[in-house]
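Heads up, the next two complexes both have chain A, just with different partners, chain B and then chain C.
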Partner chain A sequence: MIYEGDFLRDAISNLLAAGYRVFAPVKVGDFHIFREISSANEADFNYILPRNSAKVALFPQNEVLIEYGEWIEKIPIDKKKIAVVGIRACDAKAIKLLDKHFLEGFVDPYYKARREELLTIAIACDNASINCFCQSFGINPRKPEADVVVSNIDGKVFVSANSEAGKAFVREFKLRGESEEESMIRERFENEKIEMRKIDVDVEKLKKSFDSPYWKEVATNCKSCGLCTYLCPTCFCFDIYDEGERRGVRIRAWDSCQFPLHTLESSSHNPRSEKWQRLRNRFYDKFYYTLRKGDYYCVGCGRCIDYCPAGIDIVNVISGVR
Partner chain B sequence: MENPYVPYKAQIVEVKDEVKGVRPIKTFRIKLVDRERFDYKSGQGCLVSVFGRGESWFTIANSPTRPDLEFSVLKTGKVTAKLHEMKAGDIVGIRGPLGRAFPLDEWKGMNIVTIGGGIGQTPLRAIYQYVIDNEKDYGDLTIIYGARTSRDLVYKDELFKLIEEGYNVQLSIDNPEKDWKYFVGFVPDNVKRIKPDPKNTIAITCGPPIMIKITLNVLKELGFKEEQIYTTLERRMKCGLGKCGKCRIESYYVCKDGPVFNYAELSAMLEKV
Partner chain C sequence: MNELEKIKEALRSSSAEKIVAFVRKENEPREVLAILSPNEIDRISFSPLSFNNPAKLLMQLNGKVAVVAKGCDAMAIKQLIKEGKLKRENLFIVGISCKGVADYRKLSKLVKLNEVTSVELEGDELVIKLKNGEKRVAFAEVVDENCVYCEHPTPVIYDVLIGEPREGKRDFSDVEEFEKLSREERWDYWISQFERCIRCHACRSVCPLCYCEECMVDPSNLAISPMSTAEDKASYPRLLGKTVNAKDNAIYHILRVLHHAGRCAGCGECERACPMELPLRKLERKLEKVVVETFGYDLNEDIPFLSKLDIVGD
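Take a look at the complex of A and B:
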C-alpha cells in the first residue's frame, strides 16, 4: 500500500490523539535518541540508528515496582497504550528477544502490561551504518518484523501492516493499492542485501576458548563502564532497591554484568571479580549461554561498537576467538 | 502469585539467637498473615522483604513437615542488620517458595549423608528434618556438621537432642576447646575419618566455597560419583524469578534453576563454580 504524505508524522499525531504514549527518535545535537514525545514535530527521522534502542519504552531505565509506607500502599502498573515509531529491523527483533526473557517462565507483570498495549512502527533500512551487522543473524533490515512497516522507495512511501493491531491502525489512513510495477519495485527492494559487516560466530570454538588468555587481552582497555550493556537492545539485567526508610519506593533500575557490584555477595565472595571475567561473561551470554534457549542475544545493531570508549569491537572479538 | 514481585505479608513469631558475637546468626520463625503457608520443598528459598531496606534470599531452614517458616540469618548487610533488630510481632514480606528443591522423592530408599559447614547447615537441616519425619522411606541418615568454634555451631540444641536420641550426628570444630567431646579439625577431614559408604547413598554438602571444594574431592576419593553429590549455591539475588540476571551462571539462574545442583551439572558448565 502507498501513502501520499508523511506517514510517520501523521501516525504520531493519530497515536497521540488516541491517548498513546509515543516513543520516537528525537534529534539531540548531532545524534538521535529514542524518547517519549508529546508532539509529532519533536520527532526526526533522518538517521540510520538512534543512539539508544527502543527498549526504553518497554523496559524503562528506572521504574517503581512498589510504593510502601508501613506496608505496601500502591503497585503502579501503567496500562496506558504505547507506540514506538521509527525503529529499525534490529530493534524490532530485539523486542521479540526481550519478550522471551520477560514473558516466559515467571511473567513479569510490569513488562507484560506495556507489551500487550504496544504498537511497533518500523522503518525499512536502505543502507547501513559503519558497524551494522544484522544480516549475520538472518535479520532483513529492509523488512523489519513490526506491526507496521514503512519503506521509503524512490520517493514513495510504502506502508505494510503485518499484524491485526497494525492492520487496525492503518485502516484509519487513506492508503492506495500498489500498481503491479510498484509491487515489483517494493519486492526488489525487500530482497536486496545491504553491504555491511559480518560476524563469524563459531560456538564450538567459543566452548573451547573459555579459559583462553584471549579474554584477558580483549579486556585490556575495558573500563567496565557498562555502556555496551546500556545501549544493547537485548540486555535486560536489573537491580532492585528501596529508596526511603519509612516511606518510599521499591525501584527497578538497569544494571550491568560489567559492574563488580552486580554479583558481589554479602559474604564478600564475588564470582566475577575481575573485569576480564565480566567482559567474557557478556560475550558468552550473547553467543553461548542464551543459545541454549534458542537464540543469540545480539541483533547486530553495532551500538556497543560505535560508542565503546575502549574501542572493543564485538564483531572482531567474536570472529577472532582463539 | 499474580505479581511475583509483591511479597506476602508475614509476621515474626519467634526469634532465636543461634550464634552471638561479631558474626551473629538468628533464626526467625515466621507465619504468613491472613493466609495459610504455601507448599514448598526442602531446598527452596524465599526473598524476605523489609521495606526501606530491601530483600534478601534465604533458604527455608525447616522441613515442610514442620510448622511455620524458619530462616537463619547471618548479620552481614542492610537487610540482615535490620532483621537482627526485629522482634516477635514485627511485620516482614515473604516472596516464595522459589527455586528448585532437593529431589527427596528420587532419593527414597537411599542413605542420606549431609555435610555442612557454618551457616551452610541451613538447607541441610531442611533435608534431615524431612528424612527424620519420613524415616521409613529412607535408609541411614548421617549428619556431618562443623564450624570454626563451638560457639559458631547453629541449631546446637536440636543437634545435641538428636545425638541423645541416637541419631548419627558427627560434629566438629576447627581448633581444640576445653570440654569438646567431638572431632577437632576441618569438615572434610571429618568426612575422611567417618568414610561414608557411597553404596546407594546421596551426599549433600553446603558451606563456605573452600569447604565444598575440598569435600567434593574427599567424596570422590571415597568412591562417590558426581551424580550422587548435591550442593546448593549462593549467589547475589534480587528478583528471585530468573529475570534480573544477577545470580546467573551460564544459562542457569541460581534462584530459579537452582539453588540445588547436582555436581554432574556443575562440572558440565564452562564457568566453574
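Take a look at the complex of A and C:
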C-alpha cells in the first residue's frame, strides 16, 4: 500500500499519542543514535545505520530488577507499550534472536513484558555501508521482517503490514492500494540484491580450530574493550549487582565477554584470563555456541567492524579461520 | 626514496626480533597495527591513515623491539619509559617527523572508504586515489583536529628519524576559548556529551597510559583468593557501579582524565576510539594546560610529573 506523506513521522506522532514509549534514531552531530524520544521532530531517518541498535529498547543497558529494603519491596516490571521506529532488516532480525535467548527455555519476565507490547516499524535499505554483510545470513535488507515495513521507492512511500499488530496499526492511516505497475516496482525492488561484503562461515572448521594459534594472532591488537559487544544488536550478556546496603536496588547492567572480570570466578580462577581467549569466545559465541539456539548470532550489520579501534574485522576473521 | 621505503630501510638496519608497525587493513584504506617478524617488513605500510598509537602494543612484548612512531607515539613511549613500563635499551625507534594524521570520520564523509586504493600527502593536499580516478582535498579539511595543536610533531625520542624535523608549538587557544563559557554552560555541555557514553571503555582500553591491570571503575578483585569469604568479596570497594547515566559517566571520564595529569601524550586515541564521539581530548587538554601553567611541568621532562611534585613540594 502507498502512503502520501511522511509515514514514519506520522507513525511516531500516533504512537506517542497512543501512549507508546517510542525509540527512534536521533541525529547527534552528524551521526545517529537510537534513543527514546518524546516528539516526532526529534527523529531523523537519513542514515544507513544508527551507531547503536534497537537492542536498547528491549534490553536496556541498565535496568532495576528489584527494589529492596528488609525484603523485596517492588519488582518493577514495565508494561508500557514500546515501539521501535526506523530499524533496518539486520536489527529486526536481531530482535528475533534476542527473543530466542530471553523467551525460549527460561523466560525473562522483564524482557517478556516489553516484548509482548513491542511494535516494530522498519525501513527497507536501498544501499549498503562499506561493512554491511547481512545478505550472507539470508537477510533481505530490502524486506525487513517487522510488524510494519516502509520502503521509499522512486519517491513513493510503500507501507506493508506483516503481522496482526502491524495491520491494526496501519489501519489508522489513509493508505491507498498499489496499482499493478506500482506492485511490480515494489516487487522488483524487494528482489534485487544489494552489493555488499560476504562472510564465509565454516562451522566445521571453527570446531577444529579452537586450539589454533590463529586466535592469538587475531587478538594481537585487540584492546579488550567492550565496544564490539555493546554495539552488537545480538549480544545479550549482563551482570547483576546490588546498589545500597539496607535499602537499594538490584540492577541488571550490560556486561561484555571482552572484560576480564566477566568470567572471574569467586574462587579467583578465571577461565578466560587472556584477551585472545576472550576474543575467541566472542567469535565462537556468534557462530558456534549459539547454534544450539538454532541460528548464528550475527546479523551482518558491521558495527563491530566500523568502530573497532583496533581494526578487527569479523568478516576477515571468520572467513580466515585456520 | 619515499617515506615508506625509508621506514623499511631503517627497520632492516635494526637487530630487533619483533617489529611493531602499520599494515594496511583489508577492505579499507586505513592502516592497523601489527607485530611482525623481520622477514615481514615488506608488509609494512604507512600513510596519513596510520593514526593508531603503537605504544600500548610494546608493553605486550619482551626482548628487542623495533617500532614505527609518530611524534605523539614517541611521546607516549617516553612516558612509559619514565614510568618503568618500557626499557629504552630494548627499543629501536623509527621516528616519523609527522605532518599530522587524517581524521577517518571526516574522510568517510568525502569518499566511500572501500573505493579508496591509497591516501597520501602531497604538499598541503591529501591525494585520495580511488578505484575510479582520484580526489584531492586540502589536508587542513581532513586533518585530525588533535594534530592542529600538536606540540611535538617530531619524535622527542628516536634512533632513526624519517623526514625533516618539524616545529610544533604550545597552543591552548582552543581550551582558552572554551574557558570563556560560564560554569553552567560548561556543565550543560559536558552533561550533554557524557549522557551519550555507553561505557564500553574503549577510551581506556586504547589509551597507552591507561595500563593499570585493575581500573578504578572495576570492582576491586586484587585481594581475592580462594580463602576470601563471600562477605569479604561482597564488601570490596567499588568506586563506580555499572549504571550508565550522564553523572556516573562524568565521574568515570573526569577521574580517568585526572589520572593522566602530566602523562597524556596527546595522541587522541581515546577520541578516535569513542563510538559515541565524545570530545575526550578537550578534557585532557584542559588538564595539560593546568599542569603546564599551574605546576610548570613540561611533558618532555625526564622525570615523571608526580615524582617532580614530591621533590619541589614542601
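We take it that the second predicted complex is superposed on the first by the 322 of 322 C-alpha atoms of A that agree within 3 Å, B and C clash if a C-alpha of one lies under 4 Å from a C-alpha of the other, contacts with A are read in each partner's own complex, and residues count from 1 in each chain.
Keep this in mind: contacts are C-beta pairs under 8 Å (C-beta built on N, C-alpha and C of every residue); 3 or more make two chains touch, one makes a residue touch a chain.
A quick note: this is a predicted structure, and the numbers were derived from the prediction, not measured.
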| item | value |
| --- | --- |
| First (chain B), second (chain C), both or neither touched by A:Ser183 | neither |
| Contacts of A:Asp239 with chain B and chain C, given as first, second, both or neither | both |
| Partner chain in contact with A:Asn191 - chain B first, chain C second, else both or neither | neither |
| Touched partner set for A:Thr263, first chain B, second chain C, both or neither | first |
| Touching partner for A:Ile130 - first (chain B), second (chain C), both, neither | second |
| Which superposed partner A:Tyr284 touches (first chain B, second chain C, both, neither) | first |
| Touched partner set for A:Ser39, first chain B, second chain C, both or neither | neither |
| Partner chain(s) touched by A:Ser273 [first = chain B, second = chain C, both, neither] | neither |
| Contact residues of chain A, present in both the chain B and the chain C interface | 239, 241, 255, 264, 266-267 |
| Sites on chain A touched by chain B in the complex | 65-66, 68, 70-72, 75, 77, 101-102, 105-110, 207, 210, 236-242, 244-246, 248, 250, 252, 255, 257, 262-267, 269, 271, 281, 284-285, 288-290, 292-293 |
| Sites on chain C touched by chain A in the complex | 25-28, 30, 32-35, 52, 56-57, 60, 109, 112-114, 196, 198-202, 204-206, 218-219, 221, 224-226, 228, 230, 233, 241-245, 269, 272-273, 275-277 |
| Footprint of chain C on chain A - complex, ascending | 28-31, 33, 51-52, 61-62, 130-131, 197, 220-221, 223-227, 229-231, 239, 241, 243, 251, 253-256, 259, 261, 264, 266-268, 307, 309-311, 313, 315-316 |
| Complex interface listing, chain B residues touching chain A | 2-7, 9, 51-56, 76-77, 80, 91, 93, 209, 234-236, 238-239, 241-246, 248-251, 256, 270-271, 273 |
